[in-house]
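The next block holds one structure in the form of C-alpha cells; read it before the comments.
The chains carry the letters A, B, C and D, assigned in the order they are written, with residues numbered from 1 in each.
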Amino acid sequence: MSRFDIPANIVEQTRLAHSIFLLTVNAPAIMDSANPGQFCMLEVQDDNSRDPLLRRPLSIYKTGSNGKISFLYKEVGKGTRLLSKRRPGEIIRVLGPLGQGFRLIHDCPSILVGGGLGVASLLLLAQRIKQPHRLIVLIGAKNASEIPTIEDFSRLTRYLHIITEDGSLGQRGVITELLNQTLQKITDMAQIYTCGPWSMMKAVYHMARKRNIPCQVSLEAAMACGTGLCLGCAVPKSNSQGFLHVCQEGPVFDADQVHWG
Amino acid sequence: MINQKKTIPVCPDLSINIGTLRLKNPVLLASGTCGYGMELDGLLDLDKLGGIIIKGLSIRPRSGNPPPRLAETPCGLLNSIGLENIGIEVFIRDKLPCLRNIQTSLIVNILGNSVEEYFEMAKRLDREEGIEAIEVNISCPNVKAGGIAFGTDPEAAASVTHAVKKATGLPVIIKLTPNVTDITEVARKVASAGADAISLINTLLGMAIDIKFRRPALANVFGGLSGPAIKPIALRMVWQVVRAVDIPVIGIGGIITPDDALEFLMAGARAVQIGTATLIRPSTAEDLPAGIRDYMRANNIKNVENLRLPA
Amino acid sequence: MINQKKTIPVCPDLSINIGTLRLKNPVLLASGTCGYGMELDGLLDLDKLGGIIIKGLSIRPRSGNPPPRLAETPCGLLNSIGLENIGIEVFIRDKLPCLRNIQTSLIVNILGNSVEEYFEMAKRLDREEGIEAIEVNISCPNVKAGGIAFGTDPEAAASVTHAVKKATGLPVIIKLTPNVTDITEVARKVASAGADAISLINTLLGMAIDIKFRRPALANVFGGLSGPAIKPIALRMVWQVVRAVDIPVIGIGGIITPDDALEFLMAGARAVQIGTATLIRPSTAEDLPAGIRDYMRANNIKNVENLRLPA
Amino acid sequence: MSRFDIPANIVEQTRLAHSIFLLTVNAPAIMDSANPGQFCMLEVQDDNSRDPLLRRPLSIYKTGSNGKISFLYKEVGKGTRLLSKRRPGEIIRVLGPLGQGFRLIHDCPSILVGGGLGVASLLLLAQRIKQPHRLIVLIGAKNASEIPTIEDFSRLTRYLHIITEDGSLGQRGVITELLNQTLQKITDMAQIYTCGPWSMMKAVYHMARKRNIPCQVSLEAAMACGTGLCLGCAVPKSNSQGFLHVCQEGPVFDADQVHWG
C-alpha cells in the first residue's frame, strides 16, 4: 500500500456544467498506483489559511498520460467552492491513492451502476474491466447537466444506458428501472458495482440480493484524515456489531457488509 | 529583538525529560489522531519524533458512537468517535510487537469508567516491554459518580492518579480536560497525587447543527472540539498550569506550524503534542523539530526549557 | 428534507418576546462590538435590527488596559480592551439622547466590581427613558471575593441578579461567562434569582504569544476569545441552557451568516447577538433577518420559536 | 464623514520589489472622499474562508482617475501574503476612507518625513500641498528596494532627499540625519508630517520639538474594526490619562498628544 502526499501542480480546471468541474493535477506517483474506486484527500485552500480546516475526499476519476490524474467533482459547499477557484499553475496538496477500491471480478458480465456524480468512481473501473464486451454501464441522474462526462463511458462500451428524471438525456425515469431491465436480460452470473446516493445504492443492493448477484458499493462518509487515523468515517456493519471505516476498509464494500437501515 | 544579537551560534539541544522519560525532542503525536502508529506508514517518519501516544485504550474493546462522528467548524473539528478502540489485550497482542521496533518513545493512552479500570490497565501495561510511559485520559465519564467526567472533579482526578501511580512504575502523565472553571485546581490535585506530568488540553465540548437536515451534526449531539480554533484557550491553560505546579506540562491544542509549537514552549510547556494537524497533513509533526531548532539557533537558545518566558 | 414539502407558503413572523420586551426580529448587536451605536452611522441601518446592546458601562469612566489589546487567532479574535467606557453618567448625558431616535430596541449593558455597583447602575438607568432592557455582564471580577468573576460563582451570579432585579422594573438579561465547568448550574441559579433572560456566551479566556518579540501578544497576557472559532462551544452551551431553564436564552458566539444564526435558533435561542462579525463587516447583522426569514419561508416555519429542535 | 464598504474590483496587482506590492481597485465613492493620511480596511480573503478573520488596514496611497484607488503594501505576514495573491478581476471588499488624516497647514514649508513603507500615507499629502515649491520630502529606508515608488514623489517636488542605510539609493545613513540637515536650512515656521516606524517617528518628534516645529505623526496599531467600534487600537496619551484610538481619533495625531515612552 503506497500512498503519497504530493504538492501537485494544477494542470486543468474546467467547468463542465453549472456546478460540475474537472480538475486535473500532475501527480505521477499517485497515478502509478491508483486503482479503481480509490480516492484522494485534497487540500482545497491556500496554506496561509486554516479555514476550511479539513481536506476534501474525491474519487480518482481518470488517470492520464504523463502522470496526470483527474477528479470530477460537484460544487456543494465551501470546500468545493474554494477548490473550484484554484487555477492552473497553482499548487494543491493531494494525498493518495487511498482506501480499498473495487475488486475486479472477471469472467462474468460487469454491471456498473452510477447515480449522478457517483460516476466519478466508476470510469477507472470501466477502463480496467478485462472483457469490455461484457461491460454494461447504467447511469442515472436528475438531468443531463448532472452527468456531463457521458462520452468518457460511451467510448468504452456499447452497453451504455442512461436515464434521467426529467428525460433530458436517455430514458425518462430512475436508475432502478434501468437496472431491472438489464437484470431481466442477464442469465449467467454477474457482478454489480455501484456508486451514487445512499438510497439508490440501497435499492440497487436489494435488487441484486433478490437475484443473488454480488454487489460492490462505494460509500461516502464525512472524513477528517482519509487514512484510518481518526476513526471518524464510521458506517454501521450489517450485523450491528460495530462499524466499518470507509476510508480504510472501504470506500468499496460488499453490500452485504453494510447495515442499510 | 533577540535575533539580532551577534553571538557564536549555539547548537540547540532538543532533548527533554518528563520524569524519568527522556525524549529526543519535544514533539509527540497526540492520542486518537495517529491511530496505532502503523496507519502512518510511509506518510510520516516516526523516528524523527520525540514520541507517539497511542489511541486511547479501554479494558475491553469499544465500538464507539454511531455516525455522523465528525463535523468541521471554523478552524476546528468536532468529533464524537466515542473512544472506539480495540481494547488493551488486542493492542498488546497485535499492535505492540510492531511498535517495539520504532525509534521513538511509545506512550500508551488509557481510559476507564472507574478508578478500578484505570488501575487494572496501568498494572497490565506495566508488565509489557516497550512502553515508556502511560498517559491517562480523565475526560471519561465516571460511572459511579453519575457520569460526570473524572477530569471535571478534582478529587476524582486525584483518585485516578493515585491508583495509576500505585499500579505502575512507568512515568504517569495525566491528561486534563479543559471543560472546567479553574484548570489550576485540577492540576494541583493531580500533581499532589503523584502525577509525573500533565498534558493538556483534551478537546473542548462543542456542537454543531445541520440546518439543512434540522438535526445536530453529530449523532451524539455533543462532540470534542480540536484544531487551531482552540489554540488560544489551550495556550492560556498551559500558561496557567505551568505557573501552578512543579511537574512538566505537555501542551496540546491546534498546533500546526513550528511557530505554534514555539508558542506553547514559550508558555512553559516541556513538550507538545500534535493532534488534528496530523489528520490534515500526516507529515506535519515531522517538520516541527527542525523548525524549533532553527528558531533556537537563530535566537541563541540552548535548550527547550530556556524558551519559557518569565512570569 | 423539509424544504421539499409542497404547502402554501407562510409569511414568517420574526418578532419575539424577551420577558416584557418585544423585538421586531431576533437579531441584536452585541455589547462592546457596536460602540455606542453612532459609530455605525452610514455603515449599518440600525432600524433593520431587533435591537442594539451598548458597550458595557461602569459607574465611573474606565480607561481600559494598555496596548496591545488585540490579537488575531485562527478564526478568532483575542481582546483585552479592559472594559474601557465613558461611564454611565456621560453615556446618559451625551449618547442616550441621540440613541432615543433609533427605531430599534435599546439595551444597555452594565458591569460592576461589587453587587452594590450593579444595583446603583440599574437604579440609575431605570429613571431614563428610551432604555428597554438591561443586560448584565457578570464576567467582571468580584473585588470583594478576591477578584474571581461573578459569573464563575453561581451564588455571586445570583446575588447580582437579585440586586439588579430589585433596582429596576426593566427586563433584566444576565450575560453568562462560558469559562465554567457547568454552565447550566449558573444558569439555573440566575433564573431562580429572577432573571428575565440569559444571554451567552461572553468571550472565552485565551492568550497568544508573539514569538518574534518573545512576549504575550496582549499586554494584559490573557484576553477574551470571540469569533467563529468559539461558535461550537457557544452553541453547545446555548443548547444545554435552553434545556435547563424556562426563561429565554439569547445566543452569542461567532455568528456571521444567516446559517450561523439559524444554528443558534435551532438550538433553542430566542434571539441572537452579533459581535465580532460587526467589527469585520459592519453591515453583517443587517442581512440576517432577511436570511432567517427566507429559510423559514422555504421550510414553512411560522415563527422563530418553531425553529427550535426537539430534545 | 462618509465611509463606504464596497465590493471593489481589482484593477491591478503589481509586485514592485521583492515583497512590496501596488494594489489598485475600483472604488469611486471612496476615492471621492479620501483625504491624505486616511486608510481603508481590506478583506484579504475569499468569503468562503474565515481565516484570517480580520481585515487589514492600509493607507490610501494614490487616488487615480475613474474612481481608482491604490494601496502600497509590504508582505509581512499571512494577511498581506494572501492579499498579494489576489488577481485583477477578483472582488475585494474595501471599507473607507477611515480615520482622521493629516491637517494641511499652508503658508509654510511642509516637511514630509517617510520611513520605508511609511511613504504609503504621504503621497496623497504631497499632492495636496498647496505650495509645491515649499514641499520638502525626506525618505529613508534600509535599502533601495524598500522604496520602489520614489518617482511618484520626484514628480511633485524638487526637494526630494533620499537616504538609505546601505547607500543603495541617495545618501548613506538614517533619516534623522536628513532631517537635521533640512532643519538647519529652514529659518521660518514649518510643519512636519511623518510616517514610519515608531522609533523613527519618536526621533523626528524630538527633533521637531527642540525647534518648536509642529509635527503630525501617522500611527499604526493592531486593528479589528477600523471604525471605532472595538476600542482595540489604543495608544497611550502623552499625559498618561487614558488612550488615543488610532482608527477614530487618528491615525494622524499631533505628536504632542502621544506618549512616546
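As a convention for this text, contacts are C-beta pairs under 8 Å (C-beta built on N, C-alpha and C of every residue); 3 or more make two chains touch, one makes a residue touch a chain.
Source: prediction; values computed, not measured.
Traced through touching neighbours, the fewest hops from chain A to chain C number 1.
Counting C-beta pairs in contact across A-B and across B-D gives the higher total for A-B.
Among the other chains, the CA centroid farthest from that of chain C is the one of A. Annotation: 54 Å between the Cα-based centres of chain A and chain D. Averaged C-alpha coordinates give centres for chain A and chain B that are 36 Å from one another. In terms of their C-alpha centroids, the spacing between chain B and chain D amounts to 46 Å. Centre-to-centre separation of chain B and chain C, using mean CA positions: 34 Å. Chain D has residues 50-52 in contact with two or more other chains.
Among all residues of chain B, those that touch two or more other chains are 74-76, 227-228. The touch graph of these protein chains is complete, with an edge between every pair of chains.
Residue ranges of chain D in contact with chain A, taken from their complex: 45-46, 48-52, 78, 81-82, 85.
Of all residues in chain B, those touching chain A in their complex are 32-35, 39-43, 55, 63-72, 74-77, 79, 81, 84, 227-228, 256, 276, 278-283. Chain contact summary for the complex, chain A toward chain C: residues 50-51.
Put simply, chain A touches chain B in their complex at residues 1-3, 5, 43, 50-55, 93, 95, 221-225, 227-236, 241-243, 248.
Residues of chain B that touch chain D in their complex: 74-75, 228.
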